[in-house]
Amino acid sequence: MAAEGSPTEAESHHEHSSMRNALAETASPRQAPMRATGKLRVSALVTILAFCAALPFISPPDTFEFTIVLAVGLAGLGVALLLEAGLISFGHALFYGMGGYTVAALAPVFPRFGILLLLFGGGVGAIVAAIAGLFIVRYRGVFFAMLNLAISMVAYSVLLKSYAISGGSDGMVVQVQGLVGQALGPGAFGRALFYVCLGSVIVLGVLLQCYRRSPAGWGLGAIEDREIRIEYLGVSANRLLLQAYVISGFLGGFGGAVAASAVGHVAPDDFFWTTSTVLVVVAVLGGRGVVGPFLGAALYELLSIAAARYLSNSWEILLGAVILLVIRFAREGFAGLPDTWRAASLQWRRQ
Amino acid sequence: MKAAPALEAEHLFLSFGGVQAVRDVSLTVATGEVLAIIGQNGAGKSTFLNMCTGYLRPERGAIRIAGCSIVGLKPRAIARLGVARAFQHPQIFPQRCVIDHLRFASAAARPGFWNPFRPLNSPQSAQDVLQLLAFFALDKLADQPVRGIPEGARKLLDVAMALALEPKLILLDEPTSGVSSAEKLGLMTRLVHALRARGVSAIFVEHDMDVVARFADRVAVWVEGAIFRVGSPEDVLSDPEVKEHVL
Amino acid sequence: MKRISWLTAGVTLALLLGPSMGHAQEAKPKALKIAIVTFFSGSGAVVGGPTVDSAKLAIEGINKSGGIDGVPIEAQYVDESGGSTKQVAEFRSLAGHVDAILGYASSADCLAVEPVAEELHLLTFFSDCDGDALFKGQANEWVFHTIPSDATNALAMALYVAKMYPHAKTIAGINPDYAFGRDEWKYFTLAMQKLEPGVKLGTALFPALFSGQYTSELSRLQGERPDLILSSTWGGDVVALIQQGVAQSAFGQSLFALTAGTEGGIEAMKAVPDGVLFGAEHGYLMHPGKIGNPEIAEFVAAYHDRTHEYPVSPYPFTIQRAIFALVAGYQAAIKANGGHWPSASDVAHSLVGVHVTTMLGSFEIRSDHVAAVPEMDGVSVHSSTYPFAVFNKIIEFPASMIMAPVGQSEESFIAGMTPAVLANVPTPREYEP
Amino acid sequence: MLDQLVSATIDGLTSGATLFLVAVGLSLIFGVLRVLNVAHGSFYAIGAFMAAVVWSLLGAAGLPSLLIYPGLVVIAIAVGIVIGPIIERCLLHWSFSVEPQSRREVIQLLATYAIFLILEDGQKLVFGTQPYYSGGALGLLGTTRIAGILHTNYQLLLIPLSGIVLLLLRLFLSKTRSGRCLIAVAEDAEVSATMGVRVTRMQTFSFTLGAVLAALGGALASPAIGVTIGIGADMVVLSFAVVAIAGLGQIEGTAVASILIGVAHSLTVFFLPILDTVSPYLIMLLVLLVRPMGLFGMQRQRSI
């Protein structure tokens, strides 16, 4: 609304002052604790990041696992982004696998430029998402989930069949030896990859947070709430989704590329529907927001390692039980636990 | 050259499963005009609005917005032509807070909407959003998620979102239902004032004849899917036949 | 905030100090720790049960007789399912805690784990993964294959067919659509063309692995009537193929050659009719010529006590081959080390050329780290001794006949074959109950 | 050529028959509960395992084989009746009240995935890891030669059997009171609750019925397939494809889609083997591209 939009000078002035008063009255008591929790969150985040940065020194053999947690977390972040619009991608393994196979295919060309390969992996994920997204974003609910599933399964079957090119079920060995032109030994490469990945996570996390706070990012949540109203505001919900889908494809591809570089091997299993469910589990376990999926990935990794170690014969039971408990009692996921607890304690006190 | 009217509808027909919901409706809204539509429930008023916003497609007839035919266009495209709509049942986003609704609507009307690095809370629209909040007395609820606010406030928010689009034509489906009668007149006064100040044309469906008499330039009376009378509020509302059919 | 930082610092400190404490190493460990990796879940789970049961029996036996120079073996069992990423993660996390890792059935997992084993200098024995792609890389230092390439398995079957069924002139295939199935078809047909010039190749079908439905495939081949149908299905798949083939009378019409048929376990051997050609994937304990051997008889009895099953599949034996290779490597290294406990690298060096003694005879580990083991092929026959079919007319192909010499690819080895080689094939051994 | 076409079609019909039983259960559960049941494949697997066990037990006890066939049906019903209500009541029911709907869908997909994981391991603990063999049940009824190819009578019988199940299901839904209540709940749970339908009971009932159908599919398939750990995971994706092609909640449509997928698979085996595994997903993609709600699905008009 420009100047002529205000009813009269006097009214507009009155409105402004009352607005300010209103803000002064209502906002301060409400925002003070919010700001405090915000600060707490930021400091917690910084502590976690510092802790992560120190991990390769604290526990060198686990550098690999941390890298995988970050990689899966990145791909899970892509799934979580679509979850904000209320859509479950049951086939995000497509992008994850695409990223990995891109690295496998291009590693012989740029064996020492791992960073380039990671970006290519993300780029291919984004391109595939842009193409598939053109028609996938027209679907909602279970249809969206199942179309994603179908596409990833087609990719899976094609890879199995193209035995001569992709090695079929054997997959391909990925030989990335350096990240920025220098050949590195295996141990040094693992560490370097971890730091590059951690840096990418921070950069991508910040960029994604920007996006989530932009009108288009906010619109995703509005799609979940009431899609039709978005259309009446002159905005295409499908286009909002397409943008998010491409971003989430990039994240999936990037995550897959990191994992492939770290593992040194890709296989069609990366495309199988169970890989997709892992990404969904990671996104939901973690909860909304940019940090959630990484917590989810860490939790999932921890769980599967512990289960494999102590329950080698029935780790799926443990995993299943934990998923059920989390979605039952901590519906907002791991990252939402403080809020869930606060709400629960409030209710308890009221009673 | 004379500018095309804000809305022209010519010989519209639409039926649902054998029931004629709209029969040969023709209606024109001049630029800057505020037109009220009255009629009993089921008279086809909302159906007409739905056709004008692209939700339903007329079987026959033409609709032009500022001279541009919109039959077959999607709601989104029509909104882009400057037609905003508020709903009888507020169409808002239950999990989001009040102020963000207006920020979003305001961003939707501006270039740069797709820039992922421009915050929703951009300084360009902040002032307008605050004005709108205050205008509809929603400022105290600004940070509340809308699922918790009273029905009347939801209704206002719905209208406010339509207004935030800075439309050329606004279609309001019972804008004051759900608003307490004490606030009704005050709200309409300011709303219509704002519309006139900006030269926005408007159609509003209304059941309160006081409101109609006071704010409409013209009134269209609907009976069983067709327009029964069109004219100035004084003429139409005093017509005994209208009284019989509508009141 | 402060509290969080202190907490972090504390945790950090604890983690920093943790691994360095109690790190003193003895010359001779209390136990030799190994991890055995095999499938416990998913469709590959058919491998896991027999592998673990047999490994436990073998390790109990070794420990009872004093372990390796007095050091007992302590094994932990790890699930192989979950894909190569999970396996690499498991491998890396095991690396700090065990002296050797044995097992793996999936070639994809082996391909993924191999470079990691080399990177971490961890003794690793692949007991069941035999994808030909695994045998094409450069020489390893730490990784040993106690099973040779799947090409040897296919070649043995081709030699068996060419020797025993020279009238089989048209060949079709139903092989699972993954590396193993593709390899088996490729090498079998390549060998057949060399051994029986003039053989005709019919339709090669590749249904999905674990599809368990072969009705359409069998119908199609019924119309084609090939002399021989090669199938490398295994696990539940081979059981399904046999059931459906029997019901559709496919077995009466064409000769079937199941290169991995024993991997269907006891149920496959129960269901199969007489006269079906079987490969044993380099491990067949119900061998008519050797079942009388007291060591095998004792093992079969012990295995039956524990599992109420007979060890018909190769897994009970393939894992033992890896375990005994490890033991032999340690013993040779101890000998070379003047009786002192060797380092892992000593063991790796001693393993080359070592002769490993197992129930089914001894074998050598070649300089390319691949075990030179024989393959057994036979024809199914039901007898009164067991409630399932065993091998009749069994031929044991010596390793030298089916394995390419060190440095040569299996493909060029087979390509260089002539029908003359059939003269050297040992005579089959009839089954005697 | 014609012979091949005929036998491909027959093979497609037989595999489509069991697929239909599983998929129609999935579709029913979705229709009434709005839950896409990932654990559905496990019901199929458990039915198959139980049937295989019953075969070997009864066969060993010397029961005449022809009496064992009805046992397959009984065991499937028993499996569904035991596990269906337990899972629905204890593990799934709480999720029906989650709001908003899209959140609920996510949570239910995950919940059924978790149940799938638990049941997968459960099967392993109960039935072991070795494949089962149903003692020749497939061949006992003999074979019939059609267009030069032998088909087992057992598998041929599955075609009319599935037809009967379809018919019974349709009769039940349209003629009985419970059936009509079920449809009412599928149309609109809230409205039917106000009309006196016991929605909760109907939900449990339809979940159980769906489980029975899946278990029946498994039990009837067991003589032909290799019953082993992991058969459920493949089946569930395949029946997803069927249900998506048919349109969610469409019973006759599910039958058509099952036949479509079965026949397409056997046709590809005969004429274009390179596409055999991809064909269900390709069909699903193509159908959803042209008809977003599936072949027989209907668009629900959103009201504003």
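As written, the chain order gives the labels A, B, C and D, with residue 1 at the start of each chain.
Here is the rule we use: a contact is a pair of C-beta atoms (placed from the backbone, for glycine too) under 8 Å apart; a residue touches a chain by one contact, two chains touch by 3 or more.
In this text the structure is predicted, and so the values were computed from the model without any measurement.
Comparing the chain pairs C-D and A-C, the larger number of C-beta pairs in contact belongs to C-D. Chain A has the Cα centre that lies closest to the mean of all protein Cα atoms in view. Comparing mean CA positions across the assembly, the chain most remote from chain C is B. Distance between chain centres (mean CA atoms), chain B to chain D: 50 Å.
Averaged Cα coordinates give chain C a centre that lies 36 Å from the centre of chain D.
Note on chain placement: the centre of chain A and the centre of chain B lie 40 Å apart, centres being C-alpha means.
Shown for chain C are the residues in touch with two or more other chains, namely 40-41, 177, 206, 208.
The residues of chain D that reach two or more other chains are 100, 120-121, 124, 233, 277, 304, listed in rising order. Residue numbers of chain B whose C-beta contacts span two or more other chains: 91, 94-95.
Listing the residues of chain C that touch chain D in their complex gives 40-46, 48-49, 177, 203, 205-208, 210-213, 215-217, 219-220, 222-223, 235-241, 243-244, 246-250, 264-268, 270-271, 309.
Put simply, chain A touches chain C in their complex at residues 39-40, 43-44, 47, 50-51, 54, 57-59, 61-62, 64-65, 68, 157, 160-161, 163, 167-171, 173, 186-187, 259, 262-267, 269-270, 272, 275, 301, 304-305, 308, 312-313, 315-316. Against chain A, in their complex, chain B makes its touches with residues 53, 74-76, 79-80, 84-85, 91-96, 100, 103-105, 107-109, 113-121, 127-128, 130-135, 139-140, 142-143, 161, 164-166, 190, 193-194, 197-198. Interface residues of chain A, counted against chain D in their complex, comprise 83, 86-88, 90, 135, 138-139, 141-143, 145-147, 149-151, 153-154, 157-158, 160-161, 224-225, 228, 273-274, 277, 280-281, 284, 313-317, 319-321, 323-324, 327-328, 331. Within the complex, the chain C residues that touch chain A are 1, 4-5, 8, 11-12, 15-16, 19, 40-41, 76-79, 82-86, 88-90, 92-93, 95-96, 107-108, 111-112, 115-116, 119, 131, 133, 177-180, 182, 206, 208-209.
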